[in-house]
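In the two complexes that follow, chain A is the common piece, with chain B as its partner first and chain C second.
The block that comes next holds the complex of A and B.
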């Protein structure tokens, strides 16, 4: 009986398992395999063991990219999560007028394809004929070069924030909806106002959801690719091929034809993401248990 | 009649092959990569192949090329050609490489830009078209375009489709307003640049984009640089920082630093607006530029004229090339004869070539069309009725024949963007950046197993 049940269980997970193995495990294993070789235009393929990993660990361009996305993470993620939290709380408290409209408005950018988003922001950021530059000109201010070396990371952070605030808001808002109403009643009986309820009841209740959003954001930041790749067309001399680690891996594979090294870089990046995510999770959970 | 003509082609092709065989450096490793010179395919085999029901796949980004393809299918009803747009330029090459690596899914015939031919021959992916009578086509094409598709041992790797000899499109109204004659030398160009920008700080004589390696290579080509040369399939000499390159980089770096030449990223929304609004008094562009500009800067119709590029020495008459494509046959094709004949037909058939010039506005590489009155005597309104095609047809004859490309073009372009291009955009020192570029290419080439000479 038990054995049969187990078999039935496997049958049920089979569709998932097959796709999972074929689309994720096999390519991953293949990439791992590739990363142990070196293929040259002249000389063909040779087994090089961990050489590619050693090279990656001392690659200044890769390190530069990792530091850049780390900086991006430290600046952009707190802003985005705070905004998401703010909107979620505001919607949940029911104090907003037109709350449906606002909920939709904040969420819509997430539904805009990133290509369109980059086109749109590219236009807004345009250093000469873009509206921001025009406005600055009309006010007699020097137009900020939003696509220049200094401001590019901030400009990208702005796009990503615009795109993903709504997404995080929905995660947090859903979690808030799941808070049992008895808690609010108890808080009200104890004399807590809106702010106090938000601080002492809602935010603690949101901790797991916030952690989830944070982990997603870590992964998203370190894997930053779409936005810089699209902006690269507008500012090709600012966003170079190693601007973010993912961009670098892509360029190694498709421009330099160095698939093997690209695989090693991707693996190291994945490893770094796992380490950072796990560290954050540990830190958050430790604080929870006094 | 058709038959006898093709037979004649086959015979001459055979003769040419023998000659080429004699001329080739005997027994160098080159022959391994160039493929052993195979004997010409017999006319009987060609006839048979052209009458056997076959389906060819053709990757190209030329819009509406189905019209030209239909001409081929009409002549050879047994052969069907499936046209696939797999992206323009780089995206297509990426897909092509993936298909080639995977060993399936590659097309039979593919559009490849001149500069990318060595990148695909180093990996041994293109078919030498000599056995299929391609040598006999040489005389139909402008010499330098044939040079671009010819391998080190005389292989014919592709058939030229269109070209981009470089000239200068300029705003006659802006020049007239400031009393500037269209510059004939780069010295005059520099003087005009300063005068123009001093008179109107919103106007730059031209824009040299820091992302446009193609234009840069064209300017190097004009100056007579020979940045990449292959001594053998595994030996490359890289000299992107030689005296000629330094002269070009120093010239432009100086103008950029003075602020009289802008370095906006080209083919962006900003750049199109700038062209429309008269920010640039000239566009140093290729023969495909005039039609492109007429479509993109409609507001400025009638104000533009065309002229040859300014020269390094007065009285000289030299140009470089920027862009242009070929049709190449992928080596793994199962139907080499039909594929080769298709590439040939598309780019040599009088009706097909004329159509490409008049419908797709591709600038022709064939001598016949460059002498065709209907083509060269067109007088587009956008250029005030000037015979722009005639001008560029003349320029096409002044492009040097012996400019060659590296076998890893994507990498050299990428490295240029991040060194020389960046120096231009940042208004720093492009001459110093040449050394970085040289160093990057060298270390890449070495890591790929090439022996590199400076």
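The block that comes next holds the complex of A and C.
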């Protein structure tokens, strides 16, 4: 009986696992394999061991891109998660008028493809014809160069914040709705007010959801590609082919035709994301159990 | 509900939230306004209000006729890629999540742990090696190049496992087994219904991921008639910014095409909100 049940269990998980291996494990292994070779004009493809990784770790263009997305992560993710948290708490407090309308309105940008978000904001940022420049001009102010070297990272951060704050809000709001009401009653009995309840009951209950949102944000930041790739056309002198690690891997593979090195860069980037995500999880979980 | 809790509405907080809402909706308002303008008005008139000419019908007509009506093709491609990927991913996740949740076979924990670890593997790190593999087996420049990689959703599997644990009582399964129902009939007729909110959640979020996909089709496809709408519009936008004259008058097409392409997803989210909000609650509470 139990052996039969086990066999049925394998049948249920088999379709997922087959596709999982074919589309995730195999490409990952293949990237690892490719990254150990180098293609040369003379002599063809040769095994070079970890040479591509040595090259990557000393490649200033790659390291510059990694530092840039790290900076992006440190600026953008706290703003986005704090906004999402604030919105979720405000919605959950039950003191808003129009709360359903507000909830859906903040969430709607998530359903907009990042390509279209980048196209829209690119136009809004436009230094000559964009509405922001028009408004500044009407007020007699100099138009900020939102596509310039100084502000570009912030302009990109704004696009990503616009796209994903609503998503994070919904995740956190869903988690808040699931907090057992006995917790609130206990807090009320203890005389806790709205803010006190939010701080002492709601935010601790949100920890798993916040961690999840944080992990997804780490992954999203470090593989930043769509928004800078589209902005590149508007500001080619600001966004070069190594602006983010992913843009760099893309241009290595498809412009320079250096697939072996591109595989090494992809592999390293994936590894870095996994390591950072695990470290964050460990840090958060350790603090939870004092 | 406790009796003594009367919630007084807060005008201050409501106004603050409405101010934020303006930020989130203003770009979309701009898009609606811009889709009614000619190229001249896109540059010449104030961006956040309508111009004298209302050229939305003309823009729509051009959108669906110019360049051999390729835009309609892109929309259709996007819909096919997204629906097949999302349906497949949700089904695989439902089968697998139920299997992991309810069948204690040998290796269950280890295999599930492996899938969990893969949530953190960034999809774009896989795109280049997947491209190289697909190039060797002749899958590049086919719809499968977009659909196959989108079928794997490790987070979806995790969500469905949590959901199956919560929503499918063991006693119900035992009763069905005693009645002599086969395992796959039980899944089809009993389990799938109980998993519906989770299923819809995975379906919708894979739908969004595939609908919005850009990197994968960008590298996998170079035949414009296979493009999804994201890659097509990005190409048009590039030719619009590269120089007006030679490219033709494509800017209104980019704007109107953008507006049109976001309507189906927004509608899907609004219509199915009851499902995905429940489904998300399950996934975000358990850890």
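As a convention for this text, the second predicted complex is superposed on the first by the 284 of 290 C-alpha atoms of A that agree within 3 Å, B and C clash if a C-alpha of one lies under 4 Å from a C-alpha of the other, contacts with A are read in each partner's own complex, and residues count from 1 in each chain.
Criterion: a contact is a pair of C-beta atoms (placed from the backbone, for glycine too) under 8 Å apart; a residue touches a chain by one contact, two chains touch by 3 or more.
What you see is a predicted model, and the numbers here were worked out from it, not measured in a lab.
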Checklist entry - If you stack the two complexes on chain A, which partner ends up touching A:129: first (chain B), second (chain C), both, or neither? => result both
Next on the checklist: Quick one: is A:237 in contact with chain B, with chain C, with both, or with neither? Answer first, second, both or neither.
Outcome noted: first
Checklist outcome for this item: Between chain B and chain C, the one with more contact residues on chain A is chain C
Checklist entry - Which partner does A:254 reach: the first (chain B), the second (chain C), both, or neither? => result both
Next on the checklist: Tell me the contact category for A:199 with respect to chain B and chain C: first, second, both or neither.
Outcome noted: neither
Checklist outcome for this item: Contacts of chain A common to chain B and chain C in the A-superposed view 123, 129-130, 233-234, 254
Checklist entry - What residues of chain A sit close enough to touch chain C in their complex? => result 5-13, 15-17, 19-20, 22-24, 26-28, 30-31, 34, 83, 87, 90, 93-98, 102, 104-117, 119-121, 123-124, 129-131, 134, 162, 165-166, 170-172, 174-175, 177-178, 181, 185, 188, 208-209, 211-212, 215, 219, 222-223, 225-226, 229-230, 233-234, 246, 249-250, 253-254, 259, 262-263, 266-267, 269-270, 273-274, 277-278
Checklist entry - Along chain C, where are the residues that touch chain A in the complex? => result 1-2, 5, 7-11, 13-14, 16-18, 20-21, 23-25, 27-28, 30-31, 34, 42-43, 46-48, 92-93, 95-96, 98-100, 102-106, 108, 111, 115, 117-126, 128-133, 148-149, 151-152, 154, 157, 183, 187, 208, 211-212, 214-215, 219, 229-231, 233-234, 237-238, 241-242, 254, 258, 261-262, 265-266, 268-270, 273, 277, 280-287
Item to check | In the complex, chain B residues that touch chain A | outcome: 94, 97, 122-123, 210-211, 233-234, 265, 268-270, 273-274, 277, 407-408, 410-411, 414, 417-418, 421-422, 424-426, 444, 447-450
Checklist outcome for this item: Given the complex, residues on chain A that touch chain B span 40-43, 122-123, 126-130, 149, 233-238, 240-241, 251, 254-258
